[in-house]
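What follows is a group of structures, each given as structure tokens.
In the two complexes below, chain A is the common chain; its partner is chain B in one and chain C in the other.
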Partner chain A sequence: MKRLTGLLLLAVILLILPFLFPDNYYVTVVGVTALLHAVLAVSLNLLMGYAGQISLGHAAFFGIGAYTSAILTTRYGWDPWAAIMAGLALTGLVSFLVSRPILRLKGHYLAMATLGLGIIINIILVQGEQLTGGPDGLGGIPTLSLFGWAIDTDLRWYWAMGATMLGVVWLALNIIDSRSGRALRALHGSEVAAEMMGINTTAAKTGVFVLAALIASLAGALFCHQQSFISPDSFSFFFSIELVTMVVLGGMASTYGAVFGALILTFLPELLVVFEDFEVMIFGAILMLMMIFLPQGLFVGLQSFALRWLSRRRAAALHTAGD
Partner chain B sequence: MALLEVEALTKSFGGVTAIADLGFEVPEGLVYSVIGPNGAGKTTLFNMLSGIYRPDEGSIRFMDQGVVVGRQPHQVAALGISRTFQNLQMFFNMSVLDNVMVGCHLRTRTGLFSAALRLPRIKREEMLSRQWAQEALAICNLDKFIGQEAGSLPYGVLKRLEIARALAVQPRLLLMDEPAAGLNDTETLEMRKLIRRICDSGITVLLVEHNMGLVMQVSDRVLVLDYGSRLAEGTPVEIQNDRRVIEAYLGGEVRYAL
Partner chain C sequence: MFDQILQFLLTGITVGATYALVALGFAIIYNASDVVNFAQGEFVMMGAMSAIAMSAGDGLPIFLSLPLAVLVTIGVGILLQRFAIAPARGASVVTTIIITIGASIFLRGVALLLWGKSIFALPHFSGEQPIHIGKATLLPQNLWVMGGAALLVLGVHWFFNHTTHGKAILACSCNRTAAQLVGINVGMMMLIAYGLSAFLGAMAGILVTPITFTSYDAGVMLGLKGFSAAILGGFGNPMGAVAGGILLGLIESLAAGLISSGYKDAIGFIILLLVLFFRPSGLFGKATAERV
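And now, the complex of A and B:
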């Protein structure tokens, strides 16, 4: 299956890393965050990269998933899995209700509307103190267990998050490579032509918006059970922007690009800690240089670079053989 | 029985009347052309026929039962009307094959859910779509571009690619908005043959075109628009000898260049 070679490669790398570097902070701690970010970036990329609908409020759905699960388990004693399902249901409902009015908008206006949505949800999390704990956050969230196997160590979370990430990448690859995926890319290319091909563009946009929100919500639920403590800071406007940056940095309309962008943007700040006070400045400079020299995104750019290099080498080999 | 019946169609934009009380019938199986000077309302007419604009008044009936007015473009497409655009509306972010496979949207059924889980029927549907797209590409002599990105192709090829995409919909009526605009003589000749081929395969063609040579050679009937209303209608020979048409285009004062 040529279609899924990349996914297989990703799975193998994820599988061997903990054995190469046992008990490594960068694998089982930063790694889990990176995998979580990859899930979010892949979901946002479906909406933004493929369907061309920008969202500056993706953290809102991440937050709804996290807080629903956190509140139901800590305050009402729900089983974590039931709480996650409730979070998904609530996210589905909210995203469906807001999608109709919001997705009528295009370009900058859509960006503003989604930005507004993100800020409103964040304000609710901060202000709804009785339920959400307000700015102080919410603690004591139980961890998950799967078939009696408690996910209670860093390494176990690494496996759980890795499996989730691979699953989400698989879903995204499947969708893009189908009738529905082509419809999304088509409405990105030309909405009027997509309509003329019989695509109900309103329904297609709603579908991908809700799907992206559901994936973000699932990521949020896993995040809250992994962290056992959450506060509104994790679901702010700035995190939405970070997610957009991951998608753009990796390369729009490339699922592996989104994964790549998420990994880079998670690991880079960790590695730059050695520069202390200059950390943020160097981070910004690196991002700028990447976008100047690889504007189509890091992953997509490097990929086409490698392909060009290979074909040149092949051409050169043919040339020598001809002599 | 006419395939398309347009009656008393009127559309104005902020006081400027683009189409005024226009009526005509397109019989099935013909190449039916609409000509007229720039601003005569041809593209406005196409946009109403395809559901992009809603007319102020009048009716559009397709195949007797399908009422076009009030439907969204994707619903009009489902009735069996497809179109190409005057200014290219390609999906430049997709490959040639994918562009045409989008045209198979209405001939396939699977949704987001079964796609996400890659159920077995997806594979079958993908194979069918690919085959249909290849057929449509072959009709337009585009086989050799199949693996390329749409964004990398020259203009003349893109013009034909739009037609291939519209054919993949398997329409009963194909609206073509200036398919020969910007083409050189060789490409125009090829376009003429293509339009004829499409018509012979049983698809009625409604053509808007400025190249009079092409229109007169390829059309079975011609409708002449002037200021949004009907000036004349008939066979190409009748139109070429119609005094009002000659006057409008060439007479007394030359109002527009052809």
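And now, the complex of A and C:
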């Protein structure tokens, strides 16, 4: 029950925001993007934060989900839901096939291999013009409807994306506290030790890799139907890096940290727009400073700071009471 | 057909020589401090851009602006070590990766602010009269790139094997504490390693910019290619990095010429992945066993 309090709090905040700020650009437009990023960051955090497998190519699976759904609905007239399922199936297949050889690699070699995978997929999206529309992108993607309820306004997308995000967070929290979650954390600590305890590390790593890819693919499908237009830029190497940054910024191995990191990294550029030409520079500087001074991540860092402060106050209170 | 292949090989070696210098920079910094420096490509851009800026209009003559640009870039490298890497000592691999990514975004931001989004070029060092080799042609600048890179690589090799400072840096990479105990100034050695790495980047930028041009974001792709080359050769092995760079340049050039120019980068990465699948620690990397 305790682990669901955070989730409940998150749900309440999501629920009241649109009523506090109706038709607010930062809630229903940037907010939807932030929720989407949160879904992606939570999925990447399962792989990176808990299993300790770095991936610099997560945008590839986001892209496969988005493009499969977009191509099947616009070029072949598929029903969006069937197209999303097809996207998930394709992502599952691709991620499963690459997971074995890729996850054998460690450290910087793993980083390089995932980065390469991401770039290869992106190049295919740019070059496969007959199918993907090439660098100009692909437009006219139909929106989704759920039981006859068309998700066709910003606010409705906010609800849809919010529900998805809560679902994914719930899933992540449950996995982490399950047997397989403990297996993942064990292999993060030491793969050899985990194997000694009877954990099938290959299966555990493959499983979490495929799961993270599937969640990203689902996010991609939602993204393409929400935007109705996609281009390869949204699935580039830079976006993969941004996702990693969200996870690390929030605090590795903390699901709420990943959500927090996604929110910050989505809103920060919006706020930095006022600095115009200085925007890029300031963004880079903030990134560096945060990592130098709070290497364990903002969320985790602030959390432990708050806990320390609380306990010190309690100690002080006890002290005065003792006097 | 043979002439065509020869042409691809010549182009490939030129491109590969640039990759090799960037990869060497990656390897040096990684050896010295266990950091993958994603701002390595920005050194290349900084070197070229500041040279261009200093000699623009009625500015300095080129023989002054080039060395000054190299000094500026070395300064950037030292500042990066001192103010971004050193304070974060002991942070995890991913954290340092993000710090260097932050640094690369920062440097790109500075370049964007100073020079805008335009594309710039440096003049060729010794004319643009093509040299014919069979039916293949070569610009004098290609020779500058190859020769310059070869000299720099030899210089780095000599530095690490025959000078006290070079050996001291190697000692730091083997065991930092032990190095400190025998009286090596570890902090100083780190600064030298980053300075050297920035120096190589700036030289690569200056040598190749007459052919390839540069812009504020030119460092991104070069950085990625350099990292790929370093991994291909076996990370942390400087001469492996050089070999990886040349090899990657050749692969890309042949792929562009014989298969498809649009997919050349993809083919480069696919071959890299295949190499990693069969040799998980690169072509010339030592296989490592996990210590339990």
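Of note:
Rule of thumb we're sticking to: the second predicted complex is superposed on the first by the 323 of 323 C-alpha atoms of A that agree within 3 Å, B and C clash if a C-alpha of one lies under 4 Å from a C-alpha of the other, contacts with A are read in each partner's own complex, and residues count from 1 in each chain.
Going forward, a contact is a pair of C-beta atoms (placed from the backbone, for glycine too) under 8 Å apart; a residue touches a chain by one contact, two chains touch by 3 or more.
Note that the structure is predicted; figures quoted are calculated from it, not measured.
Look at A:245: by the touch rule set out above, it reaches chain C but stays clear of chain B.
Using the contact criterion defined above for the overlaid structures, shared-chain residue A:150 touches neither chain B nor chain C, since it reaches no partner.
Using the contact criterion defined above for the overlaid structures, shared-chain residue A:186 touches chain B, although it does not reach chain C.
Shared-chain residue A:306: touches no atom of chain B or chain C.
Shared-chain residue A:127: touches chain C; no touch with chain B. Contacts of A:317 after superposition on the shared chain: neither chain B nor chain C is touched.
Chain A has more of its residues touched by C than by the other of chain B and chain C. In the superposition on chain A, A:211 contacts chain B only, with no contact to chain C. Touched by chain B in one complex and by chain C in the other are residues 190, 192-193 of chain A. In the complex of the two chains, the chain A residues touching chain B come out as 171, 174-175, 177-183, 185-186, 188-190, 192-201, 207-208, 211, 253. Listing the residues of chain B that touch chain A in their complex gives 50-52, 72-74, 77-78, 82-83, 85, 89-94, 98, 101-106, 108, 110-112, 115-118, 122, 125-126, 129, 165-166, 169. Only residues 48, 54, 101-102, 104-109, 111-113, 115-117, 119-120, 123-124, 126-127, 190-193, 237, 241, 244-245, 248-249, 252, 277-288, 291-292, 295 of chain A touch chain C when the two sit together in their complex.
In the complex of the two chains, the chain C residues touching chain A come out as 30, 36, 84, 87-88, 91-95, 97-99, 101-110, 112-113, 224, 227-228, 231, 235, 260, 262-263, 265-266, 269-270, 272-273, 276-277, 280-282, 290, 292.
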